[in-house]
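The next part holds the structures, each set out as structure tokens.
Same chain, two partners: subunit A is paired with subunit B first, then with subunit C.
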Partner chain A sequence: MSVPSSMRQPMALRLSSAGFLAFWCVIAAFPIFWIAVMSVKDPVDAFAANPFEVIFGPETVASGRGLSIVSIVVGIAVLWAAIHLALNTLPRLIKQYSPPHLLVVGWIIGVLVFALGFLIVFFGLLPPVLSAVNTVLGPFGKPILGMTTEHYRAVWVDNAFYENFINSLIITAGVVTVSLTVGTLAGYGLARSGSNLAFWILIIALVFRALPHSVLVAGYLPPFINSAEILRPILGDAAPTLYGQPWAVIAVLVSINQPFTIWMLRSFFQNIPTELDEAARVDGCTHFQAFRWVIMPVMWPGVITTGLFSFLLAYNDYLVCSLLLDAQNQTMVPAIAGYFNRETTTTDQVEAVAAAVSITAPLFLLVMIFQRQIVSGLTAGAVKG
Partner chain B sequence: MKYKTFAAFVGPSIFLMLLFIAAPLISVFFQSFYITQPVFETVEVETCTPGFPTQTCVTEQKTQPIIGEDGKVVTTVKYVGLESYRNVLEPDRAWAALSAFDFRALLTIDFWKALRFTLTFTLVTLPLVIGAGLLIAVVVNNASRLIRGPIIFVSLLPFIITPVIGALSIRWLFIGDGIMTAFLEWAFSQNISMFAQGWTIELLMMFYRVWHVAPFAFVVFYAGLQTVNQDTLESAIIDGASRWERLRYVIIPHLMPLIVFISLIHLMDSYRVFEEIVGFSSQAHRISLQWLTYDFLTPDDSGNRSISRASASAMLTMIGIVVLLVPLLRKTWRDHKGGRV
Partner chain C sequence: MAEIQLKNVSKRWGSFVGVDNFDMTIADREFLVLLGPSGCGKTTTMRMIAGLEEATDGDIVIGGRVVNDLDPKDRDIAMVFQSYGLYPNMNVYENIRFPLKVRKVDPATHDERVMRAADMVELREFLHRKPAELSGGQRQRVALARAIVREPNVFLMDEPLSNLDAKLRVSTRAQIKNLQHELKVTTIYVTHDQIEAMTLADRVVVMKRGVIQQVGTPTEIYDRPANTFVAGFIGSPAMNLMEGTLSGGTFSGDHVSISGLSGPDGPVTLGFRAEDAAVAETGPQAEITAPVYTMELLGDATMITVKAGGALVSVKASKDYRIEIDEPVGLNIPAEICHLFNQKTGARIDV
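Showing the complex of A and B:
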């Protein structure tokens, strides 16, 4: 398509906007990129004042931990092959071997197997092979780029960060499932009812969305701590102490998230024409059957998007988890506070950086896979409302 | 849809919101008027030390908490009226400071310090977020289609990152002799330490918030730009409008509802500023209203949580939320009555 000359941009404008875009991309990505670089370096290199020392890590190389040219080339090749496999071969295999009605299960199993295989090859198989190759190659096998995974090992193995990871996993999985189940029902009801009551429920939900979470936690804490005594008359000796229970936190996070969830799902449901449910009703479905067998199959994009945002809320939460769970079974984000408050030595600091990168990595993957859904979710509330 | 079906669909969600949002709110309101304390008793204790010719005995009054049969400290709940609010607000000291026009003294009181920071933070970041988001959206919209996808991907990273981790990643650039501090020291050739005084931390916190929220504004504005009426733009060009005039008189009015939307969301969210305080460990210099409540709720060295003071500060925080929401609710109500929803 040719652009009319009146719409064409002058050179100065194009240059300055290109410059601005480059500037913004650097600002947006740099802090994240930089902590990833810091996390694989010796503490002396990681906190060096000279940026080149941080990137190349002379101290790390001097202590014999680094990558040679051969290792870098092989590593990039393996990464590229893995991405190629993940984008092309994996979807085909999953489609071929999983029965159509179990496609979701097929995907989950496929992705897990792929991730496990990648981890074994990249971190288990590659390092010993490459170190053997490097000793043979001589000058080409000399390490030039400092790189060490010892901080990750310290965080995940020695400090048992995997326990926090499992807690995070339980809580996010619980929050996403429950809030989607409850939320889709409510969102559908609200989208299909034009009554005043529905309007007021939405407005009250909007007010609830604005509440600071600490206000709510101030209300939860006393009953949660004393819940065993409060519930004893009803439940007898089985009455649980809600404080420190992951499922209590799940219930709290689901409720806090409900206002946002129902607003978003409602706007997705409104995009589905009412004629669809009417047709189903004429054919003799009840409201619930119409919802389950006619509307839900076309609602998946909206449900996935809302699920992503529920996931983010639960995964990123600091305040609720740190107050309602005790120190022994924290999730990842509050647990990291223990690292950077303790940071007495620079090694502790780099371990905190490694823990931070570990928390960020799943989010990075999430943006890569679901970029389209995230963008549609961000604009769903704004453009249509 | 019949009322019964509607109730069946909406019921679980309403139940959760009532149980975990509305009920805690009411209980916080009542908690703020009561205080739970251990019951103390005064006992006479006689301690004797060996002496000559007789033992020296001292009798003293000791106050100690009563231990109940189950081995726990016995507590009572007492109605104290507005006492907890007074403890949080410290009206006497605040008034003395105000009447002497001594703002420094006023800002030594935690609540007023937190209020000052929260309001400054909210109002300073608001125009920056709108401006940055708009600028990025307009520039990306002018860029070639090929690079838009990657730019949106990179832009989403600051938005999606865990807030505490995002704040930490910025902090690690500046801490001690981190590379950004080293760069600034080289540029201004003087010694800089970003975490030694309050205002530099405050600047970093504001920078972090803009970095974190601008992508959201950008994506929303970018989606809005796709729906700008091309005919209006063309007629503006024919009428001889420059680029700036087209932006000012065609594009910005078209985006106005979105700007209002982003402002509201941003006001609500940045009024709740909290994660920055944790990430930058700024509690010695700067605290926010939500952090104040959090701090009261965290057990102190002897393991006590000051629930009643936390409730009082939570209720005071709520006043701000109500002020923020009233214009929004009035507008929605008017739209609803006008039948436009």
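Showing the complex of A and C:
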């Protein structure tokens, strides 16, 4: 589509806005790029004063852990092919082979099979094949770029980082489920209510959201530690100590996050014309049926966007998790902070960096899966305008 | 088959009165149009019948059953909204089928009924499209099909044509009229467009600020407006209304003198329709003699407007009549086309 000349931006403006965007991308992407580079290097290289030594890793290469040009090219080709498969072939196959009402199950199975296949090919098959090829090729087979996965292995296998990962998973799943369930119901109710009370509830919610998190944590900490004694008259000897339990953290994080989800979902609901409710009511729905069959299908983008924000809050939370969980139940973010705080060797530091890189992977995955849904405009055609 | 009775129905929000003491009976199979300017309470009245708005006072009776406390779904009505109110996630077929599905009508009959409704509004080739892929007129037809698919007792239509362009409005209007005739269902239709009201209605209710001004057939409303509001609202152009005094059967005002009337002496408002009067020679035989204010060519006629009796007065002349602005013109207003109204209350003075 061509832009009419009256709407075209002047060259100087285009250059400066493009320049600013490029600058911003570099600033934003640099930390991720840099820790990703550091995490695959020998500690000597990772903490070298010369940035080129960090990137190319001469020490890592010298100790026999490097990639040749051929390996890099083949690796990139395999990655590209995998992405191509995932974006084009995989959805087609899933659509073809799974019955329509089991599409979700089909997707889960398909993605799992694909992920497993990728791991086997990329980490199981490729390294021995390439090392055999490299010995034959001579100069092209000579390693030039330092690359080692030993820190990742150390983090996930030796340090049992997967336990933290599972804890994070439990807490984020709990927070997202609870805050979305309560948020959609409350948001719908508040969006459709014209009463003054609804307005004041929203203002109070905003005030609670504005409180520093430490206020809530400080308030909850003593009763959680003593919860067994407090609850004994009600629950008897089965009364649990809430401190250190994942669901105590879920409760606190939900209470922090709920006002925000309610506000956000309410504004999404307000964009849905009330005519849809009314049409559904006249067509024969009860209040709840109208909500379930007419409003919710139109609300998915809002629910997914809000769910993503709740996920990020729970996933990235440090303060609540580090204060309310004991060392065995720690989630990923406080665990990584723990690695850095220990008086440790440089090897441990690089392992902490590798752990930090690991926790960004699920975020990328999530945004990639849901990027299509995070668009508004599903109400198009419902009403005039 | 349902007769609708509205017994002294009122709607108030705090001290604001939306509908005041609405009292009438709508016969079975009648096509009733509620007509009035924006904010006159016509839509509120319809929403009270639908159950989307609660009546503050009075009873609403549909088919012999008081429905005040019933949910919209239990009133056996169907409604067409001004801005369609289609379900954007469903295609046309599913949209039309939705009322059958939620009301648990026997699934075996769904397909046949949806097809019949779609055929009635000529939507068969669009059944697989989403509402977003339809034009405004097609969307409104989907809404119509969704209303008729269940064959309810009452149709409620809330300005269904006001979002459509002029040409589509005419054809959809004809379609609605034909549908109602075919389905024989009591229909209440809200509009602010008096042409729609005249063409569609068995009876018209003219409303203003929540109060009924006149109830009658289109002809009655046009020929014998009950007050100056109805006279000034119905017709295109609306009725000419002049201020003046009546003494001894002669109405006199600025540039105007009409004799042969009968009515009480004193200040009155006199009205007549543009198409009833005619252009005449200037002189004593013309009831109005005044300079031309403007001349408009309408195609089928020429509209001459002058200032008389404190208002702009329009008269239709033949289509090849030509005259310059500010030229004097005489207008012939025979006494039998005139309507007299009380100048204070606006009410019609019947002799």
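We adopt the following convention: the second predicted complex is superposed on the first by the 339 of 385 C-alpha atoms of A that agree within 3 Å, B and C clash if a C-alpha of one lies under 4 Å from a C-alpha of the other, contacts with A are read in each partner's own complex, and residues count from 1 in each chain.
The rule is short, and it goes like this: contacts are C-beta pairs under 8 Å (C-beta built on N, C-alpha and C of every residue); 3 or more make two chains touch, one makes a residue touch a chain.
Bear in mind that the values here come from a model prediction, so they are computed numbers and not experimental data.
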item	value
Touched partner set for A:V252, first subunit B, second subunit C, both or neither	first
Partner chain in contact with A:A337 - subunit B first, subunit C second, else both or neither	first
Touching partner for A:V294 - first (subunit B), second (subunit C), both, neither	second
Winner by number of subunit A residues touched, once subunit B and subunit C are compared	B
Which superposed partner A:R281 touches (first subunit B, second subunit C, both, neither)	second
Touched partner set for A:P273, first subunit B, second subunit C, both or neither	second
First (subunit B), second (subunit C), both or neither touched by A:Q371	first
Shared contact residues on subunit A - subunit B and subunit C	378-379, 381-383, 385
Touch list for subunit B against partner subunit A, complex	1, 5-6, 8-10, 12-14, 16-17, 19-28, 31, 36, 135-136, 139-140, 142-143, 147, 149, 151-158, 160-166, 168-170, 172-173, 176-179, 182, 211, 215-216, 219-220, 223-224, 227, 237, 243, 258, 261-262, 268, 271-272, 274-275, 278, 281, 289-291, 293-294, 296-298, 305, 307, 310-311, 314-315, 317-318, 321, 324-325, 328-329, 332, 336, 341
Of all residues in subunit A, those that touch subunit B in their complex	6-7, 9, 13, 17-18, 20-21, 24-25, 27-29, 31-32, 34-35, 38, 47-51, 54, 182-183, 185-186, 188-190, 192-193, 195, 197-199, 201, 203-223, 251-252, 254-256, 258-259, 262, 287-288, 291, 312, 315-316, 318-319, 323, 333, 336-337, 340-341, 349, 352-353, 356, 359-360, 363-364, 366-368, 371, 374-375, 378-379, 381-383, 385
Residues of subunit C that touch subunit A when the two form their complex	50-52, 71-73, 77-79, 81-89, 98-99, 102-103, 130-134, 136, 139, 146, 150, 156, 163
Subunit A residues touching subunit C - in the complex, by the definition given at the top	273, 275-276, 278-286, 289, 293-294, 297-298, 378-385
